[in-house]
Amino acid sequence: MAEVVPLETAVATLVHDGDSVALEGFTHLIPFAAGHEIIRQGRRDLVLVRMTPDLIYDQLIGMGCASKLVFSWGGNPGVGSLHRFRDAVEHGWPAPLELEEHSHAGMANRYVAGASGLPFAVLRGYRGTDLQGQTANIKPITCPFTGEELTAVPAINPDVGIVHAQRADRAGNVQLWGITGIQKEVVLAARRSLVTVEEIVEELDPRPGAIVIPSWAVTYVAAAPGGSRPSYSLGYTIRDNDFYVAWDEIARDRETFRVWIDEHVLRAGRGESVTA
Amino acid sequence: MAEVVPLETAVATLVHDGDSVALEGFTHLIPFAAGHEIIRQGRRDLVLVRMTPDLIYDQLIGMGCASKLVFSWGGNPGVGSLHRFRDAVEHGWPAPLELEEHSHAGMANRYVAGASGLPFAVLRGYRGTDLQGQTANIKPITCPFTGEELTAVPAINPDVGIVHAQRADRAGNVQLWGITGIQKEVVLAARRSLVTVEEIVEELDPRPGAIVIPSWAVTYVAAAPGGSRPSYSLGYTIRDNDFYVAWDEIARDRETFRVWIDEHVLRAGRGESVTA
Amino acid sequence: MSHTSDEMMTIAAARQLRAGQVCFVGIGLPSTAANLARNTHAPGLVLIYESGTIGAKPDHLPLSIGDGILAETADAVVSVPEIFNYWLQPGRIDVGFLGAAQLDRFGNINTTVIGGDYASPKVRLPGAGGAPEIAASCREVIVVVRHSRRTFVDKADFITSVGYGSGPGDRERLGLTGAGPATVITDLGILAPDPESRELRLTHLHPGVTLDQAREATGWDLAAAPGLAETAPPSEHELAALRALTTATPATPSRGNQGGG
Amino acid sequence: MSHTSDEMMTIAAARQLRAGQVCFVGIGLPSTAANLARNTHAPGLVLIYESGTIGAKPDHLPLSIGDGILAETADAVVSVPEIFNYWLQPGRIDVGFLGAAQLDRFGNINTTVIGGDYASPKVRLPGAGGAPEIAASCREVIVVVRHSRRTFVDKADFITSVGYGSGPGDRERLGLTGAGPATVITDLGILAPDPESRELRLTHLHPGVTLDQAREATGWDLAAAPGLAETAPPSEHELAALRALTTATPATPSRGNQGGG
């Protein structure tokens, strides 16, 4: 059964230096508050896993929390580059960043295999691309019935999976709706999991389009109202598009980035997230 | 885009002698009306595919519509045996019935592969069982990353997939809720598809737990109110448990079976289903 | 209160379950036992039915694994591929309940064919359903089955679901992640595998049953475990709770293994 | 009305779409073009975004592929694995729209790295996102990209998404089920592959653009297709509809390929 604890406690208990950590949320429900808590707790050498390492991973990478990134699209959506990510890859600042790069379909299937207790997944993907040559984690596989050659990718089972959802009940059952992305797979694939939520309610009344992750499949639930900002939580907060544009300027320069993190993350009260 | 047509037209257009046909509905929304229409149209040599060939397949098999059955559990749920199925297997009456037998997990993954455009699926299954020796459609496969040996099963892509749902709109978008089973996968895996529905409505208002299959992924939609009886359609009809018990007596004897089919299926008005 | 042997069997099965466990349930005796446990000593027991209902809380016994009451009371309803792939296969389920038409000395289960050969059997049974993967992947399996020589056979005619295969080390060799059939509950007593040989032997006799009766109903030379005990008789509370459950629901036969339609 | 070259490009892209088609859309110019088509000549166009929204009907341009308006107006919202596995991979999608940082003479797309080598590139781009499988599996692909020598290169530094590989037969050899990049729409004109050699050549020039201008902006010896035509200029109706769409929404840069966050 999931235990409902403060965010600071959950992150301190779950996330250790050197862990592989997946903070997911595909375009919606991105767990910024949890990411900021990881920065505050000064974690190092994390293997960060995420299909779309956007602003939250730009921040973690820029603060030197990561030694490796496993991903499929690293940009500021609708705006352009992630400057901290590029600075790490192009100039090794503040630390070199090893990359393992996939396509969305490959990453999604890796999480599916992880959630399914299988060591690998099969897809029609990557064939003819130069992605194949850059990692040992893309291999051909032959159909034992037709002889057709397809592509295999290994399961992802991160040490810690972190997602944000709209609500949980006091027993720790989690409910999310709207674009639910890859969240369920990440929680089920992870060895330990944290779900931050907009609110904890007495009862999860059924909602169209909602999925529920039962409490017994989650390690910790933590309340983090507004915890997906500047991303959004459908029904609770709206996407702060201006911040995504502003981030381009903030992150372009190492110094303005550090100043911003200092003011909005490090000096922000623990358990509270101030992103814009 | 799905065309909304009478049931008789849909079955006549879609289902031909010798086709592989999957009528699915896992414990709920079983497409009895469509099955009865196939009996009335006198189809022969069908390869019937279904995880749980219950009463509807007992009827199709007893009427000699099938030459082969691909399945994972053939019983009268909560009651006992399917006597027509057993008579076909044990005594070849009214015609011999070739069997291809799987587990539920195997069948479910075969549909998933079919819906995904993959030639096969991988699972932890069948190992150590005698099921492996009975069909060429269960083979070992080795993980290219860990070397672990798992099991592969080939995709199912039936010529025709038939399911029952609660509602469709006039454009042919289909909505179902409650236990949604394997229905989406069957429609997507099939070369041609038919969805029978309790009613056709102006608009599909969102419902908790509902899934929608978009019109452009379906061939035909046909109205068949009560079309899942004696199974049920959550929110529309309730399961006729007495009929499942009564079927044990009806189907035990070849003659009472034929009399029942004659009265309740063959002589029933076309487009109408009388099962109890 | 006096009780029937089926009531003893169901209550003995219910006692195996603990609050907080997650239990994969089929229709018939397993469903009755699991719901009895949830209504008595294990209120937090999580019931999963292979129709895709997770955390179902039926107030009467479901009549099929797809009964509407399961979907309506579940924490979550997922697709059939998801229930097998995301929930059963990775070993998230603590206890799987299975029935059997034949159960052999190593806990292997047959629900496929009896007599003749596979292509022309004497008796064609319903088949595998979810059982092979339940037997493979649940952390442990409980088999609930009536005791008779027809059922308790030296060697199953067909292995639908693997128990301990042909003995020690077989599950590991096959890569089966769960521990296998830890407990077999019958109307005569309770069996468990010998830790060394993996052969099923008797650990409990239900009140009023003799070792000879159990041996008579078993198709192999049934051994008694050291410290063979008598099952505690049903308490009044257990019997009342069981009867409240079953009178609220028409009786269903118990031969069905996992499966349904 | 006068128009900008970006407006011509967007309108030319929108014209490629027909009512009843199913279109896999990324943010930026592809999304603008697809929504313009839906608002003008192709009202039944089905829009799919890789965030899992099927049949989205936004009344303004979404600001990310996960914009709430997409989920709220969709016929169905499915998980990310489902959108790739059940909807894209089997070839159900008629048209995939892609952008590119580099596009080579055989329609191969680079959105990964430019210059240096993969481990220490001169420019690190966002990467693949959904593009490799969109390029592989959609029945056809339309690339929308501004014309420049920096983008239109003889050979891509990195093949993120396969067009025609190194020429005829490569897609078939690789088992790519879709037909590949049938059309490339730029701010100068329209390109399509030579049916024999698979090399991209110019089929249309937008009004006021010369063949020399297009050749000057292309990093290979750009051929003109027989019957090189002039693109019909934007109609007043098209321009008005496009401006209604874009003024309702803050401008978004167009460099992004499929992807988002």
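Order of writing sets the labels: A, B, C and D. Residues in every chain begin at 1.
FYI, a contact is a pair of C-beta atoms (placed from the backbone, for glycine too) under 8 Å apart; a residue touches a chain by one contact, two chains touch by 3 or more.
None of the values given here were measured: they were computed from a predicted structure.
K.L.:
Please tell me whether B-D or A-D has the greater number of C-beta pairs in contact.
P.N.:
Output for the comparison: A-D.
K.L.:
Let me have the rounded angstrom distance from the C-alpha centre of chain B over to the C-alpha centre of chain D, please.
P.N.:
Their C-alpha centroids are separated by 40 Å.
K.L.:
If you average the Cα atoms of chain C and of chain D to get two centres, how far apart are those centres in Å?
P.N.:
Centre-to-centre distance between chain C and chain D: 56 Å.
K.L.:
Approximately how many whole Å separate the CA-defined centres of chain A and chain D?
P.N.:
28
K.L.:
Mind pulling the chain A residues that touch 2 or more other chains?
P.N.:
117-118, 123-124, 148, 150, 184-185, 209
K.L.:
Give me the residues of chain C that touch two or more other chains.
P.N.:
85, 89, 137, 177
K.L.:
Can you identify all of the chain pairs that touch?
P.N.:
Applying the touch criterion to every chain pair yields A-B, A-C, A-D, B-C, B-D.
K.L.:
Quick one: in the complex, what on chain A touches chain B?
P.N.:
Where chain A meets chain B, its residues are 117-124, 137, 139-141, 143-146, 148, 150, 152, 154, 206-210.
K.L.:
Using the touch definition from the top, list the residues of chain C that touch chain B in their complex.
P.N.:
27-28, 50-53, 63-68, 70-72, 77, 79-81, 84-85, 88-89, 112, 118, 120-133, 136-137, 158-162, 165, 170-171, 174-177, 250, 252-253, 255-256, 258-261
K.L.:
Applying the document's contact rule, which stretches of chain B touch chain C when the two form their complex?
P.N.:
Residues of chain B touching chain C: 26-28, 30, 51-55, 71-82, 85-86, 89-90, 101-105, 108-109, 111-112, 123-131, 134, 148-150, 178-182, 184-185, 209, 231-232, 234, 238-239, 241.
K.L.:
Which of the residues in chain D end up touching chain B in this complex?
P.N.:
My answer: residues 20, 22, 44, 46, 54-55, 75-76, 85-86, 89-92, 137, 177.
K.L.:
Within the complex, which stretch of chain A touches chain C?
P.N.:
1, 115-118, 173, 184-185, 188, 211-214, 216-217
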